[in-house]
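Each of the next two complexes has chain A plus one other chain: chain B in the first, chain C in the second.
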Partner chain A sequence: MIELSAYNIILLLLAAVTLLGAVRVIATRSVIHAAFWLFPVFAGIAGFYLLLGAQFLAAIQVLIYIGAILVLIIFAVTLTRNAMDSDDAPANRFGVPVFLAAIMLLAAVIGAAGHTRWPAAFATIDHIALAPGLEVTGVPALGVTLLQHYLLPFEIASVLLLAGMIGAIVLARRERPSADDDAPADAATAADAPQREKVGV
Partner chain B sequence: MNVEYLAIAKLFLPEIVLTVGALLLLGIDLCLGKRDTRRALVLLGAVISLAAACVALLQWDWRPAEAQYVRQAAVTSAVQRMAPAVGRDALTHAARISERDARAVTTAYKAARHDSLVESAATPPADGAPVMGIAPYDAGLSSPSFSAWWLFTADNFALIFKAIFALALALALLLSTRFPVARYRGEFAALLMFAAVGLMVMVGSLDLVGIFLGLELASLCCYALAAWHKQDARSAEAGTKYLLLGSLASAIFIYGASLFFVEYGSTHLHVLAHGAAQSPLTLVALLMVLVSFLFKVAGAPFHLWAPDVYQGAPTAMVAFLSTAGKAAGFAVLVRVLSAHGFQAFSEKWLLLFIGVAALSILIGNLVAIHQNNVKRLLAYSGVAQAGYVLIGLVAMADPAGGTLLNEALPLTAVIFYLAAYMVMNIGAFAVVGIVGRESGGEELSAFAGLRARAPVLAFAFTLLLLSLGGIPLLSGFVGKWYLFLAGVYQGQYLLVLIGTTMSVVSMYYYLLVIKQMYILPAADGAQPIRVGALAAAGLAAITLVTVAIGIYPGPLYTLAQAAAKSLMP
Partner chain C sequence: MFSITGLLTISGILFVAGAAALITRRNAVAALMGVELMLNAANLNFVAGWRYFWPERLDAHVAVLLVITVAAAEAAVGLAIILNLYRKFGTVDLEQIRLMRG
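Take a look at the complex of A and B:
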């Protein structure tokens, strides 16, 4: 049974708030409400980081997720109100079977976790020592992990961001009506007709 | 800190070529603005990706598999020695290793390094082997050069897939020069190249972190590419659907990876393999990782996204996604499964794979019969093809003992088929793209009378479809032959029976298309179809290769076998 220490009570409260928020995000019909319900989710996760002793990650979580992403989502929802406000969202016919499947998956994970022999102690981010004699803790450990051990994945992530940015710009850019080859099929044919060599295959 | 930049670069040469090439392309595209130069740009992209394919094959390790395995064995023994002491990632928990274990690891690594140096001195061309990246243990396990070598690999298995992706990319770009991709031709080519880089990172990674990053890089590009025709409702639907379902698959993968991390403190495949206790949580995590990649290869219960995405997305991107994307998914499945230590679960994942294989073959072929749109038809045929390849994966496991066979045939068959499938399927989509562009639709009726409108195009498409169906003397037949042979050796008679029966069924819908082209008359007012010179050259090369592999499969088989043996000697 779970011991009723202050730590555990806070943990359970945080979990309850996070889960409640998460359920409301997907259960509510209004997009703007869903966006606001993200707040307890992000805040709860920041709380988890604090409980785990990762203050830096908690600060980052608040700054990025609550300060930037959530605000951005709310901006986007309010600015595109007309498109998002339709009340005729289709009802999900598969709601009940999907809910049952999700419950079964949850039961499987919990059951599996219950039957697993856990390692005696977990290393938190504070206790990672990267090499004998090179003991770093806290934020420096994060830096060493990210910029030395996982340096190459970190670099690949920058390519990922670049690709994402290009894709987003192309998709979000407003097309001028007088665009030369806009409509997919015909325009290219029409525009190319003079220079196309007639290869009668 | 002594960083061996050259050694790190050697792990990533094709990726570096492609990334630099894509940046170059974007730069030129920004400077110049005319449409003609943009078309030349796409051609430049195709040349760069061909160069990347050459680089991947130049890195090929020609030594016999045993010699390559010095490094692998050293790592294995080192991790095995560490396992009782820590049972965790050797890198992040190095401080917990006892003095004796640390010495053992050092000796193992030094031995590996020494042996490989001796080996490469004896045979000069072997210089490009991945062994060069080893930094001595005492120099600090966290040094970037050591970590690069620990997280990534450039073994033959990774290299052959990198070559496949680069070739698929080159063909897709070549054939896209005249496909309507609206404006932004340069960005289209660049995103396709970044997607190929992502796939390459996936197959070269030994850590779930690297696999995830590669997966996300490739997926992100594909989401954007699928929705490229913004004004077209179908394309927008394809992009949205692919984004939502793909993100779900990614989420399932990362959930599985996090469960692995919770139990083992690492996401590295070697560590997972050696720590794989018979815990139920490991099974759940493994199943999640496998399912997310079964989604990527469009295996049967997870295939529902494929027809809609294939139908709506630009054809050049679909040609790339349906071949290279599928191959990458299978490569990661093989990489994860072949990590030693999952034998304990092989009866569990075997059941999953047999089920998915049978369902894919049945659903793919039976639903394809009713399709009226050739792109959807090819999508369902792709589901069926994924099922055939899964027979090879099933044959990798020994049904009796639950251990991986040392026999290389199943994996060789899988690699061979994926390479052959890449060529013929890109060709098929190229024809569909050309006909769709000229006739304004991809319905079956658009192909009516193609014999008269474009005889060579019709002939090439006929050969490619027959190859997809598995007619002898074409590459598809040889590939299926090896896959079914591997299945029979492993006693998967029922699966092979389903596969062969359904191959006959598949001939029905391939012949439906051929009937449209050769027997039915063209619609009134149908124009002769013009094929661009580049596309014609690419298509001719594809058809020739399909026939050549079918008649003389030896060289490709040898290459695939070498790649398979580098993974499990």
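Take a look at the complex of A and C:
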């Protein structure tokens, strides 16, 4: 059973906040509320990283997930606002079967985790991150690992970021027909119009 | 003492919630939120495994950093695609967007 030390109480609180946020994200009808409920999830995960001793990852989590991705998602929600009526059902017709399948998958995962014989020496964790001298573990070693053993994935990741940035700019740019192909663009728009009606918009 | 089973349970719940959101939500942005939940669950698993089983090596940290990078690129491109869909169709309801054509 879990011993009620301060470390474990904080971990349990973090777990409660994270899971509450996750449940609200999938169950909230309003999309903007779901986006805001992502905040406790990301912050709770950052807290887990901090308590498990991965301080650098906690900082990265706050910077990128909360600072960039969450803001991006909220911008996307506001830019596509009023796209769906608020009384539309938030879930499609697979809601109930997927819920049942999710419960079964979760039971399988928890059962597998509970029945696995973990190496006994590592099966528990001591009060690491709440120790008085809160040392930053392994950031220099992480730099060495990243740039010596994982140099190629690192470079590929940077190229991926560049490609993602250019792709996002190209995709999200509003199409402006240039002066010389005004007429074809208009014709194309007119030709598209009946199809849009067919789609039901 | 907090056993690894607790952490695996938490990340399992996060993953299942994200998968359910990805499959069932009708709003495209909400489906993308489900993807983010699943990636966070995977990251939490990486860190838990590092902490409990191999604390002297930092490979799990590299994996988490790469996953976060991919998640950032995916969010940017995915949301740009959703904005484009909204301009084309006037909705982001995944049930109504059926035309696979620019």
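Quick notes
Definition applied: the second predicted complex is superposed on the first by the 147 of 201 C-alpha atoms of A that agree within 3 Å, B and C clash if a C-alpha of one lies under 4 Å from a C-alpha of the other, contacts with A are read in each partner's own complex, and residues count from 1 in each chain.
Following the convention adopted for this analysis, a residue touches a chain if its C-beta (ideal position, glycine included) is under 8 Å from a C-beta of that chain, and two chains touch if they have at least 3 such contacts.
For clarity, every value in this text was computed on a predicted model and none was experimentally measured.
Measured by the number of chain A residues touched, the leading partner among chain B and chain C is C. Applying the stated contact rule after C-alpha superposition, one finds that A:Phe94 touches chain C and leaves chain B untouched.
After overlaying the two complexes on the shared chain, residue contacts for A:Leu152 are found with chain B alone; chain C is out of touch.
Using the contact criterion defined above for the overlaid structures, shared-chain residue A:Leu171 touches chain B and also reaches chain C. When both complexes are overlaid on chain A, the residue A:Gly111 reaches chain B alone and has no touch with chain C. When the two structures are aligned on the shared chain, A:Leu38 is found in touch with chain C, with no touch to chain B.
For the contact definition in use here, the residues of chain A common to its chain B contact set and its chain C contact set are 109, 113, 118-119, 122-123, 128, 145, 149-150, 153, 157, 160, 163-164, 167-168, 171, 195-196, 199-201.
Across the complex, chain A is touched by residues 1-10, 12-21, 23-30, 32-34, 36-37, 40, 43-44, 47-48, 50-53, 55, 57-59, 61-62, 64-66, 68-77, 79-84, 86-87, 89-99 of chain C.
Those residues of chain A whose C-beta lies close enough to touch chain C in the complex are 2-3, 7-8, 11, 15, 18-19, 22-23, 25-26, 31, 34-35, 38, 41-42, 45, 48-49, 52-54, 56-57, 60-61, 64-65, 68-69, 72-73, 75-77, 79-80, 83-84, 88-92, 94-95, 98-99, 102-103, 105-106, 109-110, 113-114, 118-119, 122-126, 128, 138, 141-142, 145-146, 149-150, 153, 157, 160-161, 163-165, 167-169, 171-172, 174, 195-196, 199-201. In the complex of the two chains, the chain A residues touching chain B come out as 108-109, 111-113, 115-119, 122-123, 128-132, 134-135, 144-145, 148-153, 156-157, 159-160, 162-164, 166-168, 170-171, 175, 179-189, 191-192, 195-201.
The touching residues of chain B, counted against chain A in their complex, run 8, 12, 19, 26, 35-36, 87-88, 91-97, 102, 140-144, 147-148, 151-152, 178-180, 182-184, 187, 190-191, 194-195, 197-198, 201, 207, 209-210, 213-214, 216-217, 220-221, 223-225, 227-232, 239, 259, 263, 265, 277, 279-284, 436-438, 440, 454-457, 528-533, 536.
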